[in-house]
Amino acid sequence: MGLDTRAADTGVSFNPSQQESWVTTRLDFLVNWGRANSLWPMPFGTACCAIEFMATAASKFDLARFGMERMSFSPRQADVLICAGRVPFKLAPVIRRIWQQMPQPKWSIAMGACASTGNGIFDNYAVVQGIDTIIPVDVYVPGCPPRPEALMYGIMMLQKKIMNERMADRSLRHEMEPDPTSKLYIPPALIDEMSENFGNSVHQTRSGL
Amino acid sequence: MSEPSFLPVLAGHANAGDAPAPTTPKKVPHQGGAVNPGAAALEARFPGAVHRVDVVWGETTVIVAREQLADIVRWLHDDPSQRYDYCSDITAVEFRDMERPIEVVWHLRSIPFRRFIRLKVLLTKGEPLVVPSVYGVYRGADWLERECYDMFGIRFEGHPDLRRLLMWEQYKEGFPLRKDFPLRGRFSRSEQLRQILAQNPEAKYSMEELSVIDAFEDLPPDMRQRLGKGEQVGE
Amino acid sequence: MATTKRTVEVELSTTGLDASGRPQRVPLVTDAAGNLVPVTAAPPVEPDLEGDHMLINIGPQHPATHGVLRLVLELDGETVVRCIPHIGYLHCGFEKTGEYRQYNQIIPYTDREDYLNSPGNNVAFALGAERLFGIEITERCTVLRVIAAELSRIISHCVWLGTFCIDIGAFTPFLWIFQQRERVYTMLENWVGARLTTTVTRVGGMAADIPDGWTEDLANFVRTFPKVLGECEAMLSKNAIWVGRTIGLGAMTADEAVNYGLSGPLLRASGVAYDVRKDFPYLDYETYDFDVAVGATGDVYDRYLVRVEEMKQSIRILDQALKRLPDGPVNVADHRVILPPKSKATSDMESMIHHFKQVMEGPRPPIGEAYVAVESPKGEKGYYMVSDGTSKPVRWRIRPPSFVNLSAIPKMVEGHLLSDVIAINASIDIVMGEIDR
């Protein structure tokens, strides 16, 4: 996939049914450019990935180049929640509350294998298997911990995602709460049935000799 | 800066001046190493309380009776020939063989004598898992015992505030480090998420913290009663 | 005016302001079901502040708590009357998971609990496992482990110094010191391929031998690091602001420190010269020439001085270790624990069988238990392992130094101001991964 240098400028577009004008398109570009290049991260750092995040912010890799030097530890002033580290169940309501406290526009990066999927080594009673079960995630950065370059690549992917947004698309800024009337809604009982342990993964003790 | 006018507490200062300096243990035997003199002293001082003395990989393990554990630890701490002033760890071991008792383990160190001893109490599984607390002897035992309770369900009598430490206080799934507790917990993933997200993260104030609130008239009557009785534990 | 002693529990969020620009404070009490509800009585607009204590919640998400720690403080104005710490927000079931893993498979977990001291934790675990197995490691491995442990001590103290400075308000030493950490990261990456979570040891040896030129890199580091440390010291140690903010805070007497189970720089700053490397030695530490830094009062300034001095002593040990690094095999020649080289495993039948047995089942120690403690940068770290003869431990216990150190924080912060709480918390040098496991 790679990264394009910048989003394609769509130029003038006029669609009578949606009443778009070329002004909107240009404003999109301006707004997205501003948003992408001044993302204020909220480092929700829990474990080892937080140290690599700090290393990314330090002088050798330097997040200030991305406009991200101003770490906002208050969610009210943050744009992107970078969840760096494993999230146990006790911390789950906290990260959810922090996400809810962040004002739109907001994005989130799951940094590290633990935040992305729970990291196979932490598949146990205490760890949330991926924060996308709790908050919506835009970019997943794999690694344990990801190298600073990997995190920066993830940030650049997020920037590309932001550059491709359109202000006319309001659904991007909706708070995603479960909506029972939506066709995508799955009732809890069915979720339980689908998420039961299956296969050999239940039996962790091979060769208990 | 001026000369330090204090004397540091040196480890091993209670040993005689010609005691050999400590060295890295080499070729430690599996069994039959040197026994810690504390074991013999314990047997002499508390006849009948010591069930067994093992020396495994150079470390002395003394299995004692539960009823006398508090006295034994107090004596080990206070006696001038033992002076185990440092509580390194308190934990428990449950074996895969379900017939074996749960072992509660205390790791004690003597800084003045540079010694290490391991005490154990065996708790059979059918009976209540209760041991005396050593909080009165070592303040460092505070959280160690709370964690042992949280993970195994072992109650420490005499601990002032025995409530869950690592899991949240209303955790319903059980005691995680027990062998009958599955690795992934008893509930499904979605149920675990549902339960934890239903909790209000700001509501987690224990009774100990709420006791700072003297706003008696604002509290509901049953809480007033509990606070009035001096209740501390939130669970 | 008669003041009823009324304590108002407030929710003071880290965000702060409501629509009219005032701090968002909602007086809350808990009803019978345990839910927080606003008080029914209207609170006074200007509460009489003399008799009131405030209950303030710091964390678990907070820049200055060094991880997900939650401190609930009862404040009388700005003075802390009581502090109740809450942990467990990073509890990830390490000890439970370890019961389902072979001994070599547990080593990556040791990286991730005290993640600032990964090589040191690997060394500690390998020592404990080798005691349990009854294996004697080679000379070269011993010295390499000392190198790993001391490098790890230096980088852990670097993070501590950087974040401690940030908490007090000084941002520059963080950048200076993290650059040094990057140099060590590069060395570790050249050695084992990972920067932070290194998994540098195996039971019976190391993950890999050091590559060519690595000792030159290390010698270079040993030569140049003290200069950077000296720059940080010059900026801080006699700085009026620094001293003013750290002197006299959180002092613990020697007796208290021992009774509370403190270890590491906290214990030594309180005047107790207990260092596991000197008193219960391992890896031939008694043959190295180094001093143990001991402080006088146990306050935050003393802890700072002790840790800086420890970094200098670590450089001394590294220098000696470099000079004495012997040649020879790095792994013990025991086919029950060490994998055969790949070329033999694919060509020689016996090696293939050894490889198969180790990978599928894992090395099995005799029945027994072992507890080996090392001096980690945080304190006395130990792994207590109980074996029932199978390839997976019955119990794998981590003795976490930060856990016991943190339990003393209510004692340390009583009577101090709110901003001192942050300084004292930072001086304990906690790692939540180790505390919560």
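Going in written order, the chains are labelled A, B and C, and every chain counts its residues from 1.
The working rule: a contact is a pair of C-beta atoms (placed from the backbone, for glycine too) under 8 Å apart; a residue touches a chain by one contact, two chains touch by 3 or more.
Just so it is clear, the model here is predicted, and its values are computed rather than measured.
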Subject >> By number of C-beta contact pairs, the top two chains >> reply: B-C
Original post:
Compared with subunit A, which chain's mean CA position is the farthest off?
Top reply: B
**OP:** For subunit A and subunit C, let me know how many angstrom lie between their CA-based centres, rounded off.
**Re:** 29
Subject >> Geometric centre distance via CA averages, subunit B-subunit A, whole Å >> reply: 41
Original post:
So what's the Cα centroid distance for subunit B and subunit C, whole Å?
Top reply: 21
Original post:
Counting only residues that touch at least 2 other chains, which ones in subunit B make the list?
Top reply: 96, 167-168, 176, 181, 183, 200
Original post:
Hey, what residues on subunit A touch two or more of the other chains?
Top reply: 90, 94, 124-126, 204, 208
**OP:** Mind pulling the residue numbers of subunit C that touch at least two other chains?
**Re:** 88, 91, 93, 96-97, 100, 436
**OP:** Going by the contact rule at the top, pick out the subunit B residues touching subunit C in the complex.
**Re:** 4, 6, 8-12, 21-28, 30-31, 56-59, 61, 85-89, 91, 93-97, 105, 107, 111, 114, 116, 118, 138-144, 147, 151, 164-168, 176-177, 181, 183, 200, 202-206, 208-210, 212-215, 217-220, 222-223
Original post:
Across the complex, what residues on subunit C touch subunit A?
Top reply: 13-16, 60-63, 67-68, 88-93, 96-97, 100, 108-109, 111-112, 115-116, 159, 162, 174-175, 178-179, 181-182, 185, 195-197, 360-362, 364, 390-392, 432-433, 436
**OP:** Spell out the part of subunit B that touches subunit A in their complex, as residue ranges.
**Re:** 96, 167-168, 173, 176, 181-185, 188-194, 196-197, 199-201
**OP:** Spell out the residues on subunit A that touch subunit B in their complex, using ranges where they run on.
**Re:** 89-90, 92-94, 96-97, 123-126, 128-129, 133-134, 188, 191-192, 195-197, 202, 204, 208
Original post:
In their shared complex, at which residues does subunit C touch subunit B?
Top reply: 4-9, 11, 28-32, 34-36, 39-41, 53, 55, 57, 72, 74, 81-82, 84, 86-88, 91, 93, 95-97, 100, 131-132, 134, 136, 254, 256, 258-262, 271-275, 278-286, 294, 296, 366, 368-371, 373, 380, 382, 384, 386, 388, 394-395, 397, 399, 403-404, 406-408, 436-437
